[in-house]
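Read from first to last, the chains carry the letters A, B, C and D; within each, the first residue is number 1.
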Amino acid sequence: MTRTTIGAMLASSPARGIAADLDLLGEAVEAAGACAAACSACADACLGEPTTAELVRCIRSDLVCAELCAATASLLARPGAHDADVLRPLLEACIAACIACAEECERHAGMHEHCRLCAEACRRCETACRDLIAALD
Amino acid sequence: MTRTTIGAMLASSPARGIAADLDLLGEAVEAAGACAAACSACADACLGEPTTAELVRCIRSDLVCAELCAATASLLARPGAHDADVLRPLLEACIAACIACAEECERHAGMHEHCRLCAEACRRCETACRDLIAALD
Amino acid sequence: MTRTTIGAMLASSPARGIAADLDLLGEAVEAAGACAAACSACADACLGEPTTAELVRCIRSDLVCAELCAATASLLARPGAHDADVLRPLLEACIAACIACAEECERHAGMHEHCRLCAEACRRCETACRDLIAALD
Amino acid sequence: MTRTTIGAMLASSPARGIAADLDLLGEAVEAAGACAAACSACADACLGEPTTAELVRCIRSDLVCAELCAATASLLARPGAHDADVLRPLLEACIAACIACAEECERHAGMHEHCRLCAEACRRCETACRDLIAALD
């Protein structure tokens, strides 16, 4: 497996964070960053659909998920600052936001390709955060 | 008590969030926003001190706390998007970050006024988040 | 005039930023932070109105303005990191976002109190950013 | 060329933003998101080096660049909200932050692999933002 840029950066850091496995950590940073962008794009796309009024829940869960995933990506990328008392509940909040957004987007996935792709990004981030929490135990 | 701008905005929103008490919610948004700014300023000030190398833990906890408080303020300000499954762990993460940053800053409060003021901002945010979690129960 | 917390923090920092006048800088940090919260709250409130479909432009400009004001507040709070090549265009972007959001919100101010208050927060931030740019020259 | 997730999402949006070329826009969203993560990781790694005191400028430019790139990625991902009056100066601010961070990191690239990789991420983002500004003209 080729290491991504963020994976290589984490490997070159003098700090070791909460995760023994740097590939898990790198994947979580990437998945959270990609999910933040996907959710921002999905919220904007939903606002442009003629059926906007029916997509209010989707837009709101997109915006919450985008905000949380961006914060999660930023904090995970700083292994020297990792603190399980902070990261564990943050990962739980991020997982809850990803699930809520994925479930809502999946309801519209047949109609809107942006919702289908956003749900995929949320599920990938949910999995990466779960794997990271499991590695904390 | 005069209502702040954010308090008045929350009162004029058609949405009701997780907190029955809008003053508690408004205070949490304000306290988290002020804490984010204080932590960013404290990190930058610590980087300018001649003893930077001794302030690394303080800088790191400042940066974590700034990031989490900014996300918390943003999500709390959206009552129509409140979801206890997301907000409860997020508030717990924010409280943990505020405690860690306050404890570290308090160690330097006698030497650096920016640390003393930052610790105060963290304690105010910690209290506001605790009050909000209590109102969820 | 009583100095705010952020004003006192900037005064206690060993770093001097781009602005000779710390009160101007403190006001810009406060105004940008308050505007970010107001815009997030307004976007959420607009999503809860029965006329959401007519408020799409307002929601979008709220979200852009919230994001930019949050970044601006964060960067202004770090005087040791000030760099006019970065801050000048950032302040210009923030001013443009505040004007766009204020103009859109003002169109709905008679109908929605949250839009009226949001427009006020945008105008305050616009003014604070303009004053800061003027102090750079 | 395989389209990335964000590229496919932008293609499925009913909105068309400022850039006629969706691949340019998708690359800018990806490059800015990757740069934000790289800069956060580099700042944290620099704080862990024994020579922290000599890396203060690097840490500060990392933090500024991380904040601006995150905001830029978020706003570019919302084509329905694109406004050249906001985006042009924001891209200019982002480019200035990327150049400042790249130049500082390049000074330490021989010593610290995280600085070398961070400079690469900054240069990629700088190029993507320049290409996008050129496409606006």
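Basically, a residue touches a chain if its C-beta (ideal position, glycine included) is under 8 Å from a C-beta of that chain, and two chains touch if they have at least 3 such contacts.
Nothing here was measured: the structure is a model prediction, and the numbers come from that model.
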**Request:** Would you mind telling me which chain pair, A-C or A-D, is linked by more contacting C-beta pairs?
**Result:** A-D
**Item:** Most remote chain, CA-based centroid, reference being chain C
**Value:** A
**Request:** Just give me the whole-number Å value for how far the CA centre of chain A lies from that of chain D.
**Result:** 19
**Message:** Just the number, please: Cα centre separation of chain C and chain D in whole Å.
**Reply:** 22
**Fill in**
Between the Cα centroids of chain A and chain C the separation in whole angstrom comes to 27
**Prompt:** Which parts of chain B, given as residue numbers and ranges, touch two or more other chains?
**Reply:** 43-44, 47-48, 60, 63, 70, 74, 78, 80-81
**Request:** Going by the contact rule at the top, pick out the chain A residues touching chain C in the complex.
**Result:** 43-44, 47-48, 52-53, 56, 59-60, 63
**Request:** Enumerate the contact residues on chain A facing chain D in the complex.
**Result:** 5-6, 8-10, 12-15, 29-30, 33-34, 36-38, 40-45, 47-49, 66, 70, 73-74, 77-81, 112-114, 117-118, 120-121
**Item:** Contact set on chain C toward chain D in their complex
**Value:** 60-61, 63-64, 67-68, 70-71, 74-75, 78, 80-81, 83, 85-90, 92-93, 96-97, 100
